[in-house]
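Each in structure tokens, the structures are laid out below.
In the two complexes that follow, chain A is the common piece, with chain B as its partner first and chain C second.
So, the complex of A and B:
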């Protein structure tokens, strides 16, 4: 499995690429990516697949708490087990 | 909602057909005790890895094992889709303005519940599990009529893709008989659901879309295109590859989804559905396969 900082960077790059409408430096780790419609509900499927590949284990959406995909910080804490940068 | 005379005639005809073909899901299928390792459960041409280098290198036994887990995935995504569908149908049953379609919504709900009994019966008997849903619904504010239109349009897209698979597998004599039967039973009901769905989606779009702003219309179109692609993604499940004993399941998922063969396959299966959406101005260009 990749290092925590590398994982965070991969997630950030994925969000930037998926959105296609962010200016460089605009995306912060606490930017609300769903609320601001940077990522859509249907793109969450791709995000889950990307997170599963990073974590090397399946994710059961039914087990997730509301807000699990709120921002990059929350995603890292929820799926990768920590806030390391 | 008000319905045209022709739609009302279709609804009456569909209700009669559903009554005529009413079945007991607990006696319709004979479940075998087990299967032979050489049996197929999903047509090879419909396997998500078909046409890839990985598939070419698999032994016959690995291919049939993969076909078992792909069938469990196909049945699971049907269960997951039908769970959302029955919840949405139940919400709309006897809702103000839906008097014209209530009678058929009862059949729709009944038949979708039976399908889940068939699919769940297979998955839980032979795999002891279903694969979980990866779709999420987030809160959203809708324009008038947009939520109903999107709900039934998603149902139609989902069922069109599934039905193309059902039709193919119901006739495929290479498959275990119980799998053919499940596909045949599903297809038989789905043909009616698709007739209803197409007509209702058209009526909802004609009624409500003139009142939508350009932004709402743009969002509706991009949502439908994204839904089609998200639905396809679930046919390429890394957990299936892992269960089938294949290495690097997430890499396989990426390779399979983006292979030329897979893109052609998706375009072919979805062509009728995409044509319908384009002809009725619900999409203005064919979405990425």
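So, the complex of A and C:
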């Protein structure tokens, strides 16, 4: 598995690339990506697949709780086991 | 499952039709009108502009919301016959209706409209393509149509009345608007001792396990319902994010506008108030009677 900082950077790059409507530097680790629809509902499944590949384990959609994908910080804590930068 | 708190069909002035609709008269009608005036007075706190919209909404507008994939089980269509004389004659001179009370249509016209499923949709359609220079507040009441598998008088109807108060603005403006209303309505419930709980909810998507919008709502709840006696949602507060702003090209502060609405199901409020306060008009709390 990749280092935590590398994982965080990979997630950030994926969100920026997938969204396609962010200005440079606009995406922070605490930017609410679902509330602001930076990641759309149609892109959530792709995001889960990306996170599964990064975490090297499956993510059970039925177990997902509200707020789990709030922002990059929360995603890292929830799925990658910590806030390391 | 629908369990009965009260049998409203025994109340004078409430007439239930088996096709999922209710006729109101007398005191129930007076109370329903008073409820709507109460909601209008709340809308006036924001100087919300009143609109009256038609009962149809163009299908292509709802298609922008992916409505037909998300809610095919709810939608109701207005349908007419192809106007060709031969087609009309065939219908009129044949057997227009069978023994089961079902119309035996000949060739129908193409369907390009939908019976309004939610009052606030009209607001976004009406303001599409606009740039807002300030937060915009609107209110409307509409007869809405949602096909359901089971109906119950006042509680779950094919056609029902919905009052909505809508905000179009920035994310912060909409969130402040919704927060204000949740607090205001909560104080109102407490003052009147109306047993309401706020509960997070999802829209009733078709085949939800296969719909990413359902998953998105689960992960980032946008709907909070006012649930009466753990039994019936009588209204809701909804944060749409910039979904409608994007779909209808509405902009605010240089970006796609955010929207939110407070929705009141008038028949459901009437049901809750009848269950809680009874049918004696004089015994209803004053705020409900002021507009009657």
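FYI, the second predicted complex is superposed on the first by the 85 of 85 C-alpha atoms of A that agree within 3 Å, B and C clash if a C-alpha of one lies under 4 Å from a C-alpha of the other, contacts with A are read in each partner's own complex, and residues count from 1 in each chain.
One rule holds for everything that comes next: a residue touches a chain if its C-beta (ideal position, glycine included) is under 8 Å from a C-beta of that chain, and two chains touch if they have at least 3 such contacts.
Note that this is a predicted model, so its numbers are computed, not measured.
By the touch criterion defined above, A:79 lies against neither chain B nor chain C after alignment on the C-alpha atoms of chain A. Look at A:60: by the touch rule set out above, it reaches chain B but stays clear of chain C.
Judged by the touch definition given at the top, the superposed model places A:14 against neither chain B nor chain C. In the superposition on chain A, contact is made by A:34 with both chain B and chain C.
Contacts of A:52 after superposition on the shared chain: chain B is touched, whereas chain C is not. Of the two partner chains placed by the overlay, only chain C lies in contact with A:70; chain B stays clear of it.
In the superposed model, A:44 makes contact with both chain B and chain C. Overlap of the chain B and chain C interfaces on chain A comprises residues 34, 40-42, 44-45, 61, 69. Those residues of chain A that touch chain C in the complex are listed here as 34-37, 40-42, 44-45, 61, 64, 66-70. Interface residues of chain B, counted against chain A in their complex, comprise 132-138, 140, 223, 226-227, 229-230, 233-234, 238-239, 250-251, 253.
Contacts from chain A toward chain B in the complex involve residues 34, 40-46, 48-49, 52-53, 56, 58-62, 69. Against chain A, in their complex, chain C makes its touches with residues 171, 200, 212-213, 215-221, 241-243, 246.
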